[in-house]
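For reference, the structure discussed in these notes is given below.
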Amino acid sequence: MFLNMTPSIINRIAILTSGSDAPGMNACIRAVVRGALYHGIEVMGIRRGYGGLIRGDIFSMTSHSVSNIIQRGGTILKSAHCPEFMTVEGRQKAYEQLMNHGIDALIVIGGNGTFEGALHFYEEFGVPIMGIPGTIDNDLFGTDYTIGYDTAVNTALKAIDRIRDTADSHERIFLIEVMGRDSGYIAVQSGIAGGAEMVVISEDPLSTQELVDTLKQGFNRSKSSSIIIVAEGETKGTAATLADQIRKQVDDKFDMRVTALGHVQRGGTPSAYDRILASRLGLGALEGLLDGTINVMVGIINNQLVYTPLREAIDRSKPIKNELLRMVNILSV
Amino acid sequence: MFLNMTPSIINRIAILTSGSDAPGMNACIRAVVRGALYHGIEVMGIRRGYGGLIRGDIFSMTSHSVSNIIQRGGTILKSAHCPEFMTVEGRQKAYEQLMNHGIDALIVIGGNGTFEGALHFYEEFGVPIMGIPGTIDNDLFGTDYTIGYDTAVNTALKAIDRIRDTADSHERIFLIEVMGRDSGYIAVQSGIAGGAEMVVISEDPLSTQELVDTLKQGFNRSKSSSIIIVAEGETKGTAATLADQIRKQVDDKFDMRVTALGHVQRGGTPSAYDRILASRLGLGALEGLLDGTINVMVGIINNQLVYTPLREAIDRSKPIKNELLRMVNILSV
Amino acid sequence: MFLNMTPSIINRIAILTSGSDAPGMNACIRAVVRGALYHGIEVMGIRRGYGGLIRGDIFSMTSHSVSNIIQRGGTILKSAHCPEFMTVEGRQKAYEQLMNHGIDALIVIGGNGTFEGALHFYEEFGVPIMGIPGTIDNDLFGTDYTIGYDTAVNTALKAIDRIRDTADSHERIFLIEVMGRDSGYIAVQSGIAGGAEMVVISEDPLSTQELVDTLKQGFNRSKSSSIIIVAEGETKGTAATLADQIRKQVDDKFDMRVTALGHVQRGGTPSAYDRILASRLGLGALEGLLDGTINVMVGIINNQLVYTPLREAIDRSKPIKNELLRMVNILSV
Amino acid sequence: MFLNMTPSIINRIAILTSGSDAPGMNACIRAVVRGALYHGIEVMGIRRGYGGLIRGDIFSMTSHSVSNIIQRGGTILKSAHCPEFMTVEGRQKAYEQLMNHGIDALIVIGGNGTFEGALHFYEEFGVPIMGIPGTIDNDLFGTDYTIGYDTAVNTALKAIDRIRDTADSHERIFLIEVMGRDSGYIAVQSGIAGGAEMVVISEDPLSTQELVDTLKQGFNRSKSSSIIIVAEGETKGTAATLADQIRKQVDDKFDMRVTALGHVQRGGTPSAYDRILASRLGLGALEGLLDGTINVMVGIINNQLVYTPLREAIDRSKPIKNELLRMVNILSV
């Protein structure tokens, strides 16, 4: 069970960001810090994720530490991947640092890998943990939206809008690769919002033949340009590979270009939605901890705060609504 | 009941936008038109709202009519307020135009006033009506979000971010007036996202004394600048009036400025969220009509399509979550 | 003369920002600091303009002090108006602070008022001064562009683009008030770029009758909406006053709205042009000082660095090109 | 000589866009059309560049044809590359179309290739030609700026700003590839404005060793992240190749990522500068033609309209200012 059986008193918490950064992480850190001060709790910041915890890169945070950061992309706490924390020895060192600094509970902002490490940490050392979903991919069970996702979709959308200017002027086909390793959320939402003719995601694979047929039908209906959104998949270059396959199946009458949006999608000023979501999750994480709710990830489901056991958040998947996939086809008529 | 007892066959529908324009209306028109074509239904566009309907300013729409508009603010169908439709004579003329053009059902995109007119029209002439909530104010019951709201909040937020640069550089207090006549949604959400010290809305009135006290406390805690978001209320100028009241109660040590964001908030490229919401509502409106659901407004509640009787959508109000108001106070610590 | 008579050796300089803030000031501070370090010179930062100088609010700056600020609006050195520096006593105190801190020369970023103070300071105490034009108004002689101007024009333009969505959808006339107290630069450039029908500036006054006639001619040519840009003039509210005058002269067939863009125009991430201009001027200011060029403002004329005596920069005016005013009329045909 | 010896009367002109599209082309088309109407001249639009001219894809333009386009990226006249116009036969057909449509002079918006074709056309058939520089690359002699360049630099800059959020959060090195085939303008300006540590362009080649040394020095000075801007050169992928070369020369302590911005740079709403430049050049092109100035490209040098013979515009190159290259090094200290 994730409700703490022995709710020890929490006087001092620590917070870190781990894994890939996402816009809104700073708004979330701010909410945790300000919320803690409001409740009379001390907050320590840990720099560079689990690696910083292991090395004791820990400092005291005040209201001033988080002023004027709500609008900034990235994370003021820095982030890094940390293989050492995947070992028992690494986690042992981390635990000693927590003890040395008198930290009673730990809030981690990140994605699947972050929570996997946190869960081990909890199971081995009993450290009260609260996870906050911070990843542009929106691929976490237990929350309708993750911090950074709305911003990333809007960033991809702005790029699509720009490319459409050229696609339209030159009557070309553009394949645009967006982020989303295991998940087609960014692809589907930016595709619908960008008026794409097709969206290619691993959850709903289209054969090259289907793509070619749809493109040909579009041109027969006198479409003069097309935009196809491709989720990047396991490795970068998915869109380029796909373009090669299409080219092999058609005569060269298609003027086809490929653009991979890349890391641009991770940064930037967070959207209003992401700042509010991050603020709610940050405050919800803190107040959950104070209520003795641990070993969970805080999320928003149907606009309500919900706490999901970390194990479930890690193991279960969140499928894309069929309604959205259906819309792509209907609206590109 | 709003489920049509005698579902007559719908072969041709018409669509209009009415009241103040909102970003995403074009994405919604596109979804209605493309959805109709997908289902083999004819679509007529009506220009300039109810006035255009009365005058017969009606034209046939094709897939091409709505290509390359998903990213545009405003409404390609134009909009206008129409006092004549508030009279029985006006609605009689409108009905004759519908008959003359062989239109079986009418989709209206707008806000409260638009739906009020539509309801009269339905009650008097039995015209099957479907309403779609299009207003930046988000003040409609029956949907968690209205088309244009997310964009307006982000537009207000960008302005707040800009003003904070100056507030911070000059160590000033800024009162920023945002839109939202009967509703503080834009104020609260842009206030949280913008890191405002206070948000003043009619739903949760603060006395001038409370404002002054909070400002003084902030400066005592060595805050060097403050941003206060004010919902415009019944008439423009709410923020300027408030500033005058504050000035009377304090010595002149506050360097205080006022900016009313004004019509800037209505326009602009719609956000990803608004384009997707508009597309879902447009398609949902059309498919609702085809299923015989009439005299309702289509909305999104907990991320599901929901149809609410127009009477309810007009009469009931949608209060702001207390959780959000509480957050403003905690996070400005 | 402004070419140095007694080129004393400069080992330590100080920098401050004064008057209203402008986007790009931070990029300029960065260029001064990095340039100084490159040349082996020490740099002191002075907070809050001349007031900070008088109070000795002075600190040592390193390369790290200016990292990650090039993209930020406002000024990290803060700014303020300082009546005390307008007195001999104030400047006496300021001079003592400079001596106490071993500062050999002073770089000031600001506008007319800033330079006026600097000139007195130079004349009375012989402090080597270098001025850098930082104001969104672009109203300084001795440079084609001032820091912040390009960003402000683009900010005004984005607002105009948004408002046009609504103007077009509702077939309305909008009067949009932009900044520019003594100068119509922002009005003229944002008006041309925004496709405005008319631009009203104090340098080229139009009678109300001329405005009304042009509006009527436009509507006779079946223009359905109009945007008029108004420079704010001596006091805010110029556009609102003008709208009232127009309303008195026409029947009520014009649906006319007014928006004053206000302080939004001062903030925001600086444009590429402003960052490059600020970097060139910052480095040029520093290297000018090291070459013994003092008592001048550095500027860019025909894309070349130029040093203009402060007296000239203050006293002479920079008229708007007639070519631009002519374009407004031709292109709104 | 480019001053027309026999200034025949011009009653009807035609305009086309050719080559790659650039933001601001629409503002330029608008200025040509509105300027022509102002001067009582007829204007024909030619769709899809020289190919459309050969096929007679020509239509009459009115003031309304260009309303509400000043803010749009791309070109409403569409563009395409046209190998057929590179042949005498193709140009013969094009000439016949001009004659059939009674067109007295031709305005072409594009880059080097566009002007090369135009020059042949003039030399063979004596068609009065006026070129307007429209390309994001800014690589044309005879003008300080080309239409689209300022927007492209700002677009690249926004992407760099986003990526810096991640670079900074993860303490990584990013190689960002920007457009600019034969010219490093975009790279140098976006590099300075983006605060890049290095800019790699073909005009000023750096050896891999120099790059590695500079990166190592930066890290020794405790820089924690670096951004390197790379001009794409002859073929895409320059940055990826460079990253591989760097990786071979260093141990794996550099966490290095590559992003190629790609076609995003071509689109988008034009900046204020590009809209004004495009308007000036469009009007200047038209009025130049009416004055009998032909066989030239219109440009802006030192903020003045200048007409340069097409031959010179094509053959001569415009080197990057050394001042800018020097600044990159100094400011990344």
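The letters A, B, C and D name the chains in turn, as written, and every chain counts its residues from 1.
Criterion: a contact is a pair of C-beta atoms (placed from the backbone, for glycine too) under 8 Å apart; a residue touches a chain by one contact, two chains touch by 3 or more.
Chain identities (UniProt): A, B, C, D = ATP-dependent 6-phosphofructokinase.
As the structure is a prediction and not an experimental result, all values here were calculated from the model.
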Request  = From chain B, count the fewest steps through touching chains until chain D is reached.
outcome  = 2
Ask   = Which chain's mean C-alpha position is the greatest distance from chain B's?
value = D
Inquiry  = Between chain A and chain D, what distance separates the C-alpha centroids? Give it in angstrom.
reply    = 36
Request  = Between chain A and chain C, tell me the centre distance in angstrom, where each centre is the average of that chain's C-alpha atoms.
outcome  = 40
Distance from chain B to chain A - Cα centre to Cα centre, in angstrom = 29
Note = chain A residues touching 2+ other chains are 161, 164, 168
Inquiry  = Can you tell me, using the touch rule above, whether these chains form a line, ring, star, complete graph or other shape?
reply    = ring
Residue ranges of chain C in contact with chain D within the complex = 27, 30-31, 34-35, 37-38, 63, 68, 70-71, 144, 150, 153-154, 157, 161, 164, 168, 189-190, 192-195, 221, 269, 271-273, 275-276, 279-280, 283, 302-303, 321, 323-324, 327, 330-333
Query = In the complex formed with chain D, which residues of chain A make contact?
reply = 17, 20-21, 23, 48, 72-75, 78-80, 155, 159, 161-166, 168-171, 174, 257, 259-264, 266-268
